[in-house]
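In the two complexes that follow, subunit A is the common piece, with subunit B as its partner first and subunit C second.
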Partner chain A sequence: MNFTAVSIAMAPEHLLLAGIVTLLILEIASDKAKAALPIAVVFVAAASAAAAWLGFTGWTGAPFPGQFDLAPPASFTKAIVLALAVPVLLASKDDFGKGEFYPLVLSSLYGVCLLASAESFLTLFLGIELMSIPVYVLVLMGFRRPESAEAALKYLVLSGTASASFLMGASLMYGSTGSLALESFALALGSPRLLAGTAVVMVVSAFFLKAAIVPFHGWAPDAYEAASVPSTAYMAVLVKAGVLVAAARVFGKAPVAEPLAGLLAILPLVSIVWGNIAAMRQAGLRRMIAYSSIAHAGYLFFAFLGDGPGRFQAVVFYLATYGVMNILAFTALPSHPEDVERDRLENLKGLFRTHPFAALLIGMAMLSLAGIPPFPGFVGKFLIFKNVMAAGYTTYAVLGLVGSYLGIYFYLRVIQYMFMTPEAVSGGHAPSRGVAMGASLICLAGSILIAVLPGTFLARL
Partner chain B sequence: MADATVLSLVLYLPLAGMLAIAAIPAGRDGAVRAFTLAVMVVQFLLSLVLYAHFDPAAPGLQAATRLPWIPAWGVSYIIGLDGYNILLVILTTFLGPLVTAGAFSAVTKEVKLFYAMVFLIQFAMLGTFVAQDLFLFYLFWEAMLIPMFLIIGIWGGERRIYATIKFFLYTAFGSILMLAAVIYLVWSLWSTAGITSFAFADLYKARLPLETQKWLLAAFALSFAIKVPMVPFHTWLPDAHVEAPTAGSVILAGVLLKMGTYGFMKLGFPLFPDATRLAAPMLAMLSVLSIVYGACLALVQTDIKKIIAYSSISHLGYVMLGLVSLDLLGIQGAIMQMVSHGLVAGGLFLMVGMIYERCHTRELAAYGGLAKVLPVYSVFFLILTLASVGLPTTSGFTGEFLVLLGAFNAAWKPAAVTIPVWVAGVAVTGVVLGALYMLWFAQRFLFGAERVPHGPVADLNLREKSILVILVAAVFWLGLFPDSAMKRTELAAREYQELVAAPRTPAATKLTGTLPAEAAR
Partner chain C sequence: MDKVMMLQVLAASLFALGLTGVIIRRNVLVMLMCMELMLNGVNLSLATFAHTMGSAVGAVLVFLIFVVAAAEIAIAIPIVLLLVRRKRTLDIESYSDLKG
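And then the complex of A and B:
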């Protein structure tokens, strides 16, 4: 173990850790709580830049062999995920201008970074827990109504179940292959033994639970709704990204064959269809996004079908497009004195009259999430369905596309409410704030970049 | 090289205009209108340069720009002009200023957003026409939906939300299946022939098994047929037309509907020639069904806009008939009919908008004897009506006549496709029906007892007269001198004919009909 290698390879993680320590010291030592936001943003942005730098220089190596290694795709994944966290942090100014929010987010991000580099089930478990535990608190921190506590508990219990299932799967994996390295998953996939099969199913269902795939999705709408808007954005994008990146690490380049392929094709398809149908009936944006993210998790797991190559690229690229647009929608949403009223779709009526810029941005985000070109969501969807077809699952690809068609309706409905209400109905939203607008502008720039130059991103992943 | 720059300018000018509009301070509606009109006029003049420089004898793309875009997938950015799109590009840029000027008095709320959307749809439509790469084409194709969705939904009539969502969901359904087909097409080319390219020129060389061609053609055809629209996929059109503001109807009838027929001509048929020849008799029957059924429906409507909407279905049936006839005259007639219908239907919708602004009703029964009250209006209306009927010397005649000629050629002479003679025969009745519903409409509308709702009303003002004079001039020019336009499309018509007529299934030894990955499963 080489000290310089460790410090360089883990530079993003170190920067996050330094940020956490600084924030904690600040919390104890000073009452200038206003500095927390800039400090958190600076450290996360620096960590993202460090990860991007590692990626561009092509840094490859394993500072902790068998536990933590680094290659450019992983570095770029970290850079993208951390960059996505910046607008989330900025948008939290109104809800959490000070206090514990920032160290919690940074700890959770540390976990996400670990996941992108994890080489063994141990590190992976560490990453998952490090990512999830702060989020339980984040959900509860939106505590403005009794349901928050209930939702947080629901999330805690189900997420804990997922962790338990994951641990059980990992130990069975160890029992059947004698190794905790992630490669043992590929071995177990190919093994006809019942023990190995059980291990695989337990690990996969843990991922399904964490990523809210039908029928393991029940917690998501409640948790998303109960949390305050920045926390929801964090959960919908970064936690989901962490889980999917972890799953992509575990699957690696292992070819997926029957019978697991059936599971990996049917449950995501059901998620796409059900997520999109259920989203139609929701009255609040957060709940709607929760169901839409269930559908998006379905698209993401479609990327796991077939042979390995291109899997990691498709997952990360999709996460980038989906993430940037989701965050754009949340950050552009003007704040409201009543948290419950903030995202009620009814209150969005006539938003274009009162907040034209916000309405345009949310509209773009909705169209992109619906996968309508030329917005970046389309390119991500294209990539995933191209891979599904290339894997030979033509029927599933067509059904998945038709399922995604079902989603168009409720995204359009948001646009309809914002733009097509004849008289200006004020939903009571506060005027847009500079910081939140800055956050959405970052997302906008990012999404334009992805839409115009998708090739540049794809080449790096 | 210089032409390539001009084409890029023509394409991106509306996009730049849209962004520039955002900079005009709120409340300065007059400035927004003047600015939009100026940009549109400049765009049209630039496109005339392209038209003048277009070399009818040169094969391949002209004024082309080729750039790599997503090299990993073989996607490139290719735009260019050819005989397929040159007239449609001019039609789009020609209608742009007219639509803009036509909406000056009709659109009074959210003026900035409105013209931004007009710019956006102009950009997307031009992009769809000039794109020479399937991926790029699909991007523009879908992007057209968004501004149209907003134009109908924000500035439309009473049931605008219903109409616009119906419009979006109908067309998006076709598109999503087309997307599946696009992915499958490109992927199967890559896995069987090693071609990784989305460029049309490369896709035309693809050899696909007949079975694959059938499925892919079905998906493409569904998407295009919804857009045309062909009976029985037409039910979104009357709602969209009736609820859309005038500008929306003009864009819809003038250009957007041509996307479907253009898609068939540029993509659907040439990409899957063997399946097309098999399906040709059925497609011809559907086209004739569209002609006759659209005409019959137009006959019984009581809403002025609906009459013209259904007449569009009927007229686009001719275009489809010309395209499937695979006869050179028929194909050229189809292209002419596309342009002519764009001018005539666009003009009629503009005129309906003008009367609606004055009288606030579209009920035909409420009107009568306009010829006495609004003489200037009535003259223009009658000219456009006759052009719609296909009177010689107007553009409508050239297209319809050539299409029918082509259909009979295909029916009598044994060629690549055979259209049943009765189908061609029934198509002719469409001409009679067309004359019947349009003339009857004009008679009830312009003549008879004088009935003017919310009267007395003023005749056309200078702005409206100018719009109509320009439009009618174009209608006559195409009717009297079709040669200039037709010689530019001739080469493309030949190329299309050859592409669709020649068998292009893979040699039997090369492929057995299953794709490798499927066989491996």
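And then the complex of A and C:
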């Protein structure tokens, strides 16, 4: 272990840690804490820039051999994830003016960064917990809603169960291969032993639970609905990104063989169909996004059917497009004095007349999430389904595509409400604020960048 | 059946018992205890494997699990307190204001 290597390779993590410490000192030193938001934004942006710099210079190495290593794809993943967190932080100004929100988000981001470079189940476990534990508190902090404690408890119990199942899988893998390195998962995938098979199934179901794939999705709609809007955006995008990046690290380039391929195809397929159908019946945008994110987790797990080398690229690119569009929708949503009323679809009626800019941005996000061609969401879906077909799972690819068309209905319904219906009587949204507007503009710039230059992004992942 | 095998079976049964408890019990505190039981099953299994293989990694992970489990409970208990203060019961069925 070499001191310079550690400080360079972990620069994004170190910057986040510095941010957490600064924010905590600020919290203790003064009780006004107006500076918390700019400090958090500066540190996250700096960490993102550091990760991008590590990626562009092609920094490769393992400061902690066997536990933490870094290669350009991991650096770019960190850069994208941290950049996505900046608009979330900016959008939180109205809901969380005071300090507690920011150290929690930064420590959760630290976990996500750790996941992108984890090389063993030990680091991966630390990353997952570091990512999820602050999120329980973020859900709880939507305390303008009395239901938030209930949602936080449901999330905590299910997420804790998933962690235990993940650890049991890791332990069995340790027993059958003798190491906790991530390569032992690939070994276990190819092994005919019952112990190894059980271990694989336990780890995969833990990922399904954390990413809200259908039989394990019960916590997601409740947690998304009861959290306040910035926390929902954080969970829907960054926590999901962390879980999927971890899954992509665990699977690595290992080919997926038959019994597991069935599990990896059928449950995600069911969640695509069920997520899209259930989203149609929802009355609030947050709950609708929750069900649609269940469907999106389905598309993302489809990517694991594809061949090894293209997998990580497809997953991260899809996460970037899905994430930027989801955050765009959440940041553009004008604030409302009543948190429950803020995202009711009824209240979005005629939004184009009262908030034309917000309505246009939300409309664009909906079209992209639905996967309509000129928008980046289409490229992400295309990449995943192309890989699935190339690996020979044509039937599943076709069924998944059919399922994804179900989703177009409810995305277009939001657009119909905003543009084609007269103004709601009880709309009452506050006028858009400067900071939130800036957050949406960052997302807009990001999505235009991805839409115009998808090739440059893909070449780097 | 040798000693190692017996310990592994015990670990697996602790885990299974915990999982069953989380799924079927409706008392929040019992559910949290069952979560801890699952983690203890994992710890026993890891410690046994670490001992048989003579490598320290498994034992290190056991200590990390202790820390994380403590952190999780430190957040869970205040949440349960909030809920109990509002609902005056530990029954999870009555915490259903959201349409899960």
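Here, the second predicted complex is superposed on the first by the 454 of 461 C-alpha atoms of A that agree within 3 Å, B and C clash if a C-alpha of one lies under 4 Å from a C-alpha of the other, contacts with A are read in each partner's own complex, and residues count from 1 in each chain.
The definition used in the following text is that a residue touches a chain if its C-beta (ideal position, glycine included) is under 8 Å from a C-beta of that chain, and two chains touch if they have at least 3 such contacts.
No experiment lies behind these values; they were computed from the predicted model shown.
Asks: With everything superposed onto subunit A, say whether subunit B and subunit C fit together or clash.
Replies: Superposition result for subunit B and subunit C: fit.
Asks: Quick check on the superposed pair: does A:Gly190 touch subunit B, subunit C, both, or neither? Answer first, second, both or neither.
Replies: neither
Asks: Count the residues of subunit A touched by subunit B and by subunit C, then name the partner with the higher count.
Replies: Counted on subunit A, the partner with more touching residues turns out to be C.
Asks: If you stack the two complexes on chain A, which partner ends up touching A:Pro38: first (subunit B), second (subunit C), both, or neither?
Replies: neither
Asks: In the superposed arrangement, which partner chain does A:Pro373 touch: subunit B (first), subunit C (second), both, or neither?
Replies: In the superposition, A:Pro373 contacts subunit B only.
Asks: Considering only touches as defined above, state whether A:Gly455 meets subunit B (first), subunit C (second), both or neither.
Replies: It touches subunit B, and subunit C stays clear.
Asks: Would you sort A:Gln416 into first (subunit B), second (subunit C), both or neither based on which partner it touches?
Replies: A:Gln416: touches subunit B, not subunit C.
Asks: After lining up the shared chain so the two structures overlap, which partner does A:Ser404 touch, if you call subunit B first and subunit C second: first, second, both or neither?
Replies: first
Asks: Is A:Lys386 touching anything from subunit B or subunit C once the two structures are fitted on A? First, second, both or neither.
Replies: In the superposition, A:Lys386 contacts subunit B only.
Asks: Once both structures sit on chain A, report the angle subunit B, subunit A, subunit C from C-alpha centres, rounded to the nearest 10 degrees.
Replies: 140
Asks: After the superposition, pull out the minimum Cα separation from subunit B to subunit C in whole angstrom, please.
Replies: Shortest inter-chain C-alpha distance (subunit B to subunit C): 29 Å.
Asks: Hey, what residues of subunit A end up touching subunit B and subunit C alike?
Replies: none
Asks: Using the touch definition up top, name the residues of subunit A that touch subunit B in the complex.
Replies: Touch list, subunit A to subunit B: 352, 367, 372-374, 378, 382, 385-386, 389-392, 394, 397-398, 401-402, 404-405, 408-409, 412, 415-416, 419-420, 454-455, 458-459.
Asks: Residues of subunit C touching subunit A in their complex?
Replies: Where subunit C meets subunit A, its residues are 8, 11, 15, 18-19, 22, 28, 31-32, 35, 38-39, 41-42, 45-46, 49-50, 53, 55, 57-58, 60-61, 64-65, 68, 71-72, 75-76, 79-80, 82-83, 86, 92, 95-100.
Asks: So in the complex, the part of subunit B that touches subunit A is made up of which residues?
Replies: Touching subunit A from subunit B are residues 68-73, 75, 110, 113, 138-143, 145-146, 149-150, 153-154, 160-161, 164-165, 168-169, 172-173, 176-177, 179-180, 183-184, 186-187, 191, 517-518, 520-521.
Asks: Show me the residue ranges of subunit A that touch subunit C in the complex, using the header's touch definition.
Replies: Those residues of subunit A that touch subunit C are 120-122, 125-126, 129, 133, 136-137, 140, 146-147, 149-154, 156-157, 160-161, 163-165, 167-168, 170-172, 174-175, 178-180, 218, 221-222, 225-226.
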